[in-house]
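Here's the structure, in structure tokens; my notes come after.
First chain written, first letter: the chains are A, B, C, D, E and F, and each begins at residue 1.
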């Protein structure tokens, strides 16, 4: 009871944090018909700045990290990415009003990772003083790529079975396509530069100090976007909305549980567990959609993009993130 | 005599302040044919950043402000906005070489408010250490919207009388159109976020530290723009140039006088008076023109945009601003 | 021997500096096919920010500088700019597989100056604590413009002799065209504002703190660009690649020697010598190419832009810069 | 499939885009395409006070492909009648052969 | 020189640009031109999850001028066959007179 | 009003825009429209050293509608003669029916 109250308080305070406040602000002004626009060039640059910041930080801490500590979390990240897709394949995609390939694509997008949700989690955790392994964001591709690949493979298998075709799906082009996307490129470049070079001065003098502020602008865009996509979502089966509301939390909690296992086995920190849960609970907004459009062309993007952008991301940030933090503080630290 | 000298000194020093220096620099390089360009995406983002900064600051201080203190200034802001339009309607718009609807539109634009001039005033005041009510920028819409609405209503009445039509002008769509514009949206969103949430960290770590520097870039754009529009202004009656040179100062001084009344009655600060005068003396550069194009389609934008951008804004910043500061320091503080 | 080892160490450490690391990072991700993109609007704005920062700094220090100290370096800068072009005219441009006008244009581009290489040098020198005359960047136009003008004049003379025409080349339009370009405009505006106004506050609060970080982004773009142009370079004679690899160092060393003369005669600082060598070793990437396209329309831009962007700039930054710093520390300071 | 169709092109101020899109959508046309444009015509009104110094595209080019020329003309007339007295604008028709389209 | 030629216009999702460019380049056409576009058609799929709130151009208009109409049709058929079932897209032909071109 | 007219289209390097605009303006044409473009043609010169990695539009498409075809040809010939030997560029004509225009 008291715990629930505590969560509620944390949850409501969260709404006053800049991260969530700008997200909601974006939804509200879009709903009111505002013509405010953050230009595409600025939006793209902000995404670059955030992922470069996260990557540099990750790379610099991998330098000092014990590589063995990263193995189990990385393995779990892969398992989670694949698990989410399989879960969606055998729940959402089997519903009668849902076209199978649309359901698989949606599961793929929710298995993949959102850079902006990750950035939001880092900002909130740092402002609350929660410690975490700074290499944890490097788990991103371990979850993201397997999820997208598996979704595309499952969809192809399904469609081929329907057609009676026997061609094999080639995995490497999908992996390459993912790695070359702008989000993963920036993150991995940041990791490489952080690991191999000495970017401390510009990290501390440029990328890090601008991080929170730029995130607030990005959250505004995500909010406006969430509202703009609602119309698209309304045109597809209601099940997508239900899935989009529940899946982030289910995925996050599964990841939380696995993270806890890593905590017990290899001392993965509570903050690291929260980040793992956030990665799992997030759904890709930048690089996932084009990869899926190319990989599962017959799937309807209004279903998966609408579900992810309009409901999935707001739920992941507004409910998931405070939930995992509260759980970590209550169950582990407390 | 001494006072005049003092003003002259202040006035000339002002030309060395980055705000004015970049404005003049912009005029000069445009006149010299420079191909320097601040991309549109950057320009739009800077405007967003400045208005968000001003709005957040306003919202945070409204939290602690006594709402009663704001009533009289807000009422005066509305009166000033409407008064400026009426003044223009019965002076400029009646001149024989000025088409009535062009004159009314011009008066509307000068009654409306410029976000960049407001930002310039805040930077100058803060760098000179002049205190002001931080909620004062929230007076912006109280002056801006009534001025635009009244100008459109007056023009419609005039045009309908000419046509013999009896249709009524609908006010709400104009108000809504104004509020949805990018400038007011950003300002009001900032105020709401400042008032309802806890943006202190990003205000102090991002929006505020970038404020002055971004303003210098915006001033450069405004200077280049002022020069670019001179050609347009030359094609319309000379009265627009005369109006554009005098109106900012006349409007500013009227507002200064009303601000002084608020000073006596409810203790409105000298800095607040200066800001009220700046709002009045400024002419809209972002949201006013499209609202007027839509609302008074037959008016010639070369007249009103040319007058405002080429002469009105430079006069408001270069002469009006130091004048009001000097007046405040001489008459009130001194 | 020991000295060479020392240089090698300096050279290898250099690869870990953010400046060079981001340049190489850009080359690598472009080679890997990344779709990461720094939008054009952002790229243009960064160039503006860097040159404005360099210009403001230069202008503020000219205020306190002894003008006489600047005369000799300025004269040397002009001589170097012209000397580089003449050198190219009578080596590269005479090679049998090189079209004469292509060779002259290439020499012109290498005689001209790169704002981004200059910015990179300043960042590296400041982070290594090397003192220099802060007005030294003002030498930029003294080298850049004569080089471009001379190249265009030589090419015209050559082409006219071939045609038997006797029209005279007009120099002033070329100078004006150069001065009006976006890079020189920004630099000169910065110098003027630094000299005539009081921009200290925004210099220290905005332009300077963002300098290093923005440079890292620009280096990334330059790296991606270097890779993208390699294909173009491959289509032209191999001599361009040879020239592009050697010329930056030859030019830099010549300038170093002249700078040393100025050191002895008027006390030009070791840091100033390094900057002079960097200016000479750099090849223009922003304003030079369009000036040359307009001035020597028959020259093939794939030759000169390819040579400069793909090889010249990376060599100038990765090898030239640490070489000059090492020379200055070994020969002069040491 | 090859189908003769009429392409209506309207070049006008960016400011009017929302209104023009509404007119086209309610006209029964099956779609439209918008590209950014800049231009110079008889008058040189600037629509918005948007900086000219920042290289913005102040005009738009709207293309509407219709199976019936009459529909294209109706759309053009409605837009021109409503706006072209006070706003920059030009409208013209071109004959094209549509090869692939979902509807028309 | 004045030479009758066929202009093929394809308006489709930005996402497909790389693939379409590859098809055009390997078709034997001598060149192509791409302009940014936005549009509304029979379905309104958004291609990329790219923010609609940031005024991005989500479509492209690709124009290919060919001396032979048959080549233009072949290119259109290949692109439409491969993509237009699942992606937004329209393709049409226009007859033009080429005045100056390096090849054609 | 429906008036047959000629549309001249010139696709060339952004770098030349100022010069081309000057030629068109002094030719007696009543206006022109510019759209950003990218393209690939016989040579692939890049005009400006402007980053290709930043998605910039390096070409422009200039459209000039003229009442007289002869004027359109004159403009095309002047531009092609002056620039197309050394710069990327293509010029073609299209016949259109102008429905609404302030002048023509």
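Basically, contacts are C-beta pairs under 8 Å (C-beta built on N, C-alpha and C of every residue); 3 or more make two chains touch, one makes a residue touch a chain.
Since the structure is predicted, the reported quantities are computational estimates derived from the model, not experimental observations.
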Out of curiosity, which chains are bumping into both subunit B and subunit D?
none
Between subunit A and subunit F, tell me the centre distance in angstrom, where each centre is the average of that chain's C-alpha atoms.
46
Intercentroid distance (Cα basis), subunit E paired with subunit D, Å:
19
Quick check: how many Å separate the C-alpha centres of subunit B and subunit C?
43
What are the residue numbers in subunit A that touch two or more other chains?
37-42, 210
Within subunit E, the set of residues that touch 2 or more other chains is 35-36, 94
Touching pairs among all chains present in the structure
A-B, A-C, A-E, B-C, B-D, C-F, D-E, D-F, E-F
Residues on subunit F engaged by subunit E in the complex (per definition of touch)
8-9, 11, 35-43, 57, 59, 61, 73, 76-77, 80, 84, 89-94
Touching subunit C in the complex: which residues of subunit B?
15-18, 21-22, 25, 29, 32-42, 127, 209-210, 212-214, 216-217
What residues of subunit A sit close enough to touch subunit E in their complex?
26, 30, 37-40, 42-43, 221, 224-225, 228-229, 232, 284-286, 288-290, 293-294, 297-298, 300-302, 305, 308-309
For subunit A, which residues are in contact with subunit C within the complex?
39-42, 44-45, 48, 176, 179-182, 185-186, 189, 192-193, 196-199, 201-202, 205-207, 210
In the complex, go through subunit E and note every residue touching subunit F.
2, 5, 7, 21, 25, 30-36, 65, 94-103
